[in-house]
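Some structures to go through are shown next.
Here chain A shows up in two complexes: once beside chain B, once beside chain C.
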Partner chain A sequence: MSDFYKFLSLILFGITIVFSQVKLDVSTIPKRVDIYLDGVNLGRSPISNERIKPGLHKFEIKKKGFAPLTYDLLVNPAQAIKLDFFLNPIYKIKFKTEEKGLVFELNGEHRWDVSFIRLDLEAGDHFLRVFKIGEIIDEQTIRVDEPKRFNYYLKKPLTSR
Partner chain B sequence: MVRILNILKKLLPGFLLMIIFYGCSSFKGPIYPEIIYNNRQPLISVTYEYGEIKLILPLKYDGAVPDNILFKIFAQGDTLHPILSILQEAPKEFLAYLPQGVLDIQNNTNIIKIIPQDTNFDPLTVRFKGIRFGRLTLPRKTITMGQLVISGTTYLNKNDSLIGGASISLQSYDNKINTTSSNQSGYFQIAIPGEYKYAEHLRIVAGENLIFKPFIQKLDFTQSRKLKLKIGLGPSGSMKEPLYMTNKNNVHFRNGPEIGSKTLFLLKEGEVVSVDKVTPGEYFGFIEVALDDKKLVQLDGWVNRTDLRLVTFRNIYKNLIE
Partner chain C sequence: MNQEPTYLVLNHFDKDIPEAEKLLVQNFNDSKFEFNTSLENIFSDLDSHDNPASSHMAKIKELGKQYKVNFILLNKIEHKEDRFILDGLLFNTRSGGLIHRRKINLKQYLDGQLNELIMWVGNTLNRQEDEWQKNRETILFMDPEGITYDKTPMGAAIRSLIAPGWGQAYSNKKVSSGVWAGVEASLSLALILSYLNYDKSAKSFLNNTKMYHTTDDEKLVSQYRSSAEKDWNDHIIYSRLAIALASATGTGWVSNSIHAWVFGPRPYTNIYQEWETSPKSKKG
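Now for the complex of A and B:
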């Protein structure tokens, strides 16, 4: 008889655990991306019918060709939660100039001084500074939304093709 | 021309070697060694789906059914601000839908107040432990009419002094529904289920444990569920001493001492007679008779001496009599 009550307790405990969690669905663009929840691999997206406890959690997503994503989320007590992640792509950019003696700086930290270079840039806006003999001679914002080639001419807006 | 071709032939292996080791990149220009991020906030969509709580409280009506009931649901121990109030005809099952997360799921601090819209019923409270979402069926609750309560004091008619320990019982016909006795201060309170509200033969009987005739009065709860009574026991002060009391039931109270005289009343045991004259075999005296308007009148008559015994107020309780 006591075994029966132990079994019943276990069943009830299991039911309590299941019902105290929140149903989790995760979708990503692009698809088939490894999802890490609190450091544990949940599998590849899309993920459905997983369970998550209410509270603070960390999602991490890494895929070649896209900017890595880290997202801290406080999960509220709810019946279900659905997450959609849109990863930022990284585009291959060619940067060329005919000008001589220039140093280029992107986003305040990445520098080069060659007339032609290939860059891997996250989609979105990037801030370009141009130096000549240690002085800033130009500042521009580059918008990257596809693989493209930029041609730089001194103090003229960047042209792309 | 031949010389040029010879030079190219000599350079070709080196050119091919350069292609093999450095690939096409030697023509495309250098690659910046890092991926350059702009820390753009990624697009993330978070959608919550909240469930609901289906709360079910089965109800049972014991006897009468109130017309309408007001249900109030309180959560998390807050008894001031109901999260839901519903007035409806008395249902067999109270059903309410609550949003997820409003109930305390750790302790039973959630409350349903059942307030029948009928003065014959008292409000009820159901405490329960909530769930996060889903269906929650509570144990059946029985709704009964409120208790009928009688309170008051017992006192001695002779001098209005309070009597403690006088037995009190509520009876329907001869069935005792509930009994109690007055306390040292003569105070008593007794209650019976509300279903007796409309009983026609409901009465209170007091002082059965006293030497006097018990006090009996019909009860009428149609106007109120609470009654107050002052119960006078024993003979009134207008009965002059010496006082005698019948020692058995069906004692003949006659209009003359002679054999064959007319019997006016058959007296029960404990009836008090104020004796005025004595003959060798009979007592002449007065008894008190209560009229319908509770007014007492004295009637005179004759009683056989052997049917009476002298009343002493030192002990008025039956169990203390020798």
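Now for the complex of A and C:
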């Protein structure tokens, strides 16, 4: 009889464990992205019917050609949680100028003074600052929306005015 | 009796998003929504509870009775730098429990937040429309491997290989197109003329040689001999010229194709200095 109670306790414990977990679905754009939950690879997206314990978790989403994403999530008890991650592509960018003596700075991080440079940039807006003889001469936001070349000029040609 | 589910929608947006409520009503006109902004702070401490669903169960049930709704939909939108985070929670007012939660974490997608809100609400109602998916795709940045262009450098190179200058014209470079087409046409014409002259000289040489052997007249012999010698020299000159021109034409043809590829159509953006004067004068 005591074996029966032990067995019943185990079953109840198992049921409690299973039902205290939250159903997890993860979708990403693009698809077939590696999903890591607390350092463990869950597989490739889309992921459905995965179980997750309530608490703080760290998601890492990685795919070649896209900016990796790390996301801390506090999972509260619920029937289900669905996560949507959109990864931002990284585009190959060329930046060229024929102007002399300019120093460029992108997003306050990367600086260069050569006339031609290749960059791998995350899609979206980037902040460009231009220096000449130590002084800022220009600031503007450039939008990276496809792999392309940027040509920087100090003056617009007369025909395009 | 209305069988459609009814919702109390609580929007907690850290920035004003005009049109949000209007768009929800427009897109889900078969569902009944109640909006209430006075309840803004009721669920602000949600994540601080160990079990947010049970901690608010009584309140959810009470709101359900008060507003006569089946569900409470809580949409929290936060903007962190260039990230947009939508946290959607769906509560059942009968049980008071949290039945569905969806988090969307997007970078530089601020134009798409209304569409995502609609998609999330549609998800809770088991409704997804192609238009919303298309809207999402038009706003998202494209996968670099999925980007296709109408005109490519390879397209220009192939065209120039078929007809010199065509690739440059395809790339809208009319001057270089004309130059390549003109140079290659001139070289080809010169090659053809050289070959025709070579052929003419060779035939004339054979003819004069034959005539030279068939006559005994000293005057004619001398004439045929000098003509044959001239034809021989001409045939050598035109032969060498034809070979040189054929090489130049072939090299030029390939170079023209390479040129079309190198200077082929590639996306670019010209950016111009925005500050017209010194920073001090710009800042006023």
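The criterion applied here is as follows: the second predicted complex is superposed on the first by the 154 of 161 C-alpha atoms of A that agree within 3 Å, B and C clash if a C-alpha of one lies under 4 Å from a C-alpha of the other, contacts with A are read in each partner's own complex, and residues count from 1 in each chain.
Heads up, the rule we're going with is that a residue touches a chain if its C-beta (ideal position, glycine included) is under 8 Å from a C-beta of that chain, and two chains touch if they have at least 3 such contacts.
Only a predicted model underlies this, so the values are computations on that prediction, with no experimental measurement involved.
Superimposing the complexes on chain A yields a three-chain arrangement in which chain B and chain C clash. Contacts of A:116 after superposition: chain B is touched, whereas chain C is not reached.
Legend: residue contacts after superposition of the two complexes on their common chain; A:69 is shown touching both chain B and chain C. By the touch criterion stated above, A:154 is placed in contact with chain C alone, chain B being left untouched.
By the touch criterion stated above, A:80 is placed in contact with chain B and with chain C alike. With both structures placed on the common chain, the touch criterion links A:30 to chain C but leaves chain B unconnected.
A count of residues in chain A touched by chain B and by chain C gives the higher number to C. When the shared chain is aligned, chain B comes close enough to touch A:107, but chain C does not. Once chain A of one complex is fitted onto chain A of the other, the partner contacts of A:136 are limited to chain C, with no touch recorded for chain B.
When the two complexes are overlaid on their common chain A, residue A:126 makes contact with chain B while staying clear of chain C.
In summary, superposing the two complexes on chain A brings one listed stretch of chain C into steric overlap with chain B, and the stretch in question is 97-105; the others among 7-15, 25-33, 43-51 or 97-105 show no clashing C-alpha atoms. The residues of chain A shared by its contacts with chain B and with chain C are 67, 69, 71, 73, 76-86, 88, 90, 122-125.
Chain B makes touch with chain A in their complex at residues 28-32, 34-38, 40, 42-51, 100-101, 131-134.
If you check the complex, the residues on chain A that touch chain C are 29-30, 54, 65, 67, 69, 71, 73-74, 76-86, 88-92, 122-125, 128, 130, 135-140, 142, 145-156.
Across the interface of their complex, chain B is touched by residues 19-20, 23, 67, 69, 71, 73, 76-88, 90, 94, 106-107, 110, 112, 114, 116-126 of chain A.
Those residues of chain C that touch chain A in the complex are listed here as 46-47, 49-54, 82, 89, 97-109, 123, 136, 140-145, 147, 266-275, 278-279.
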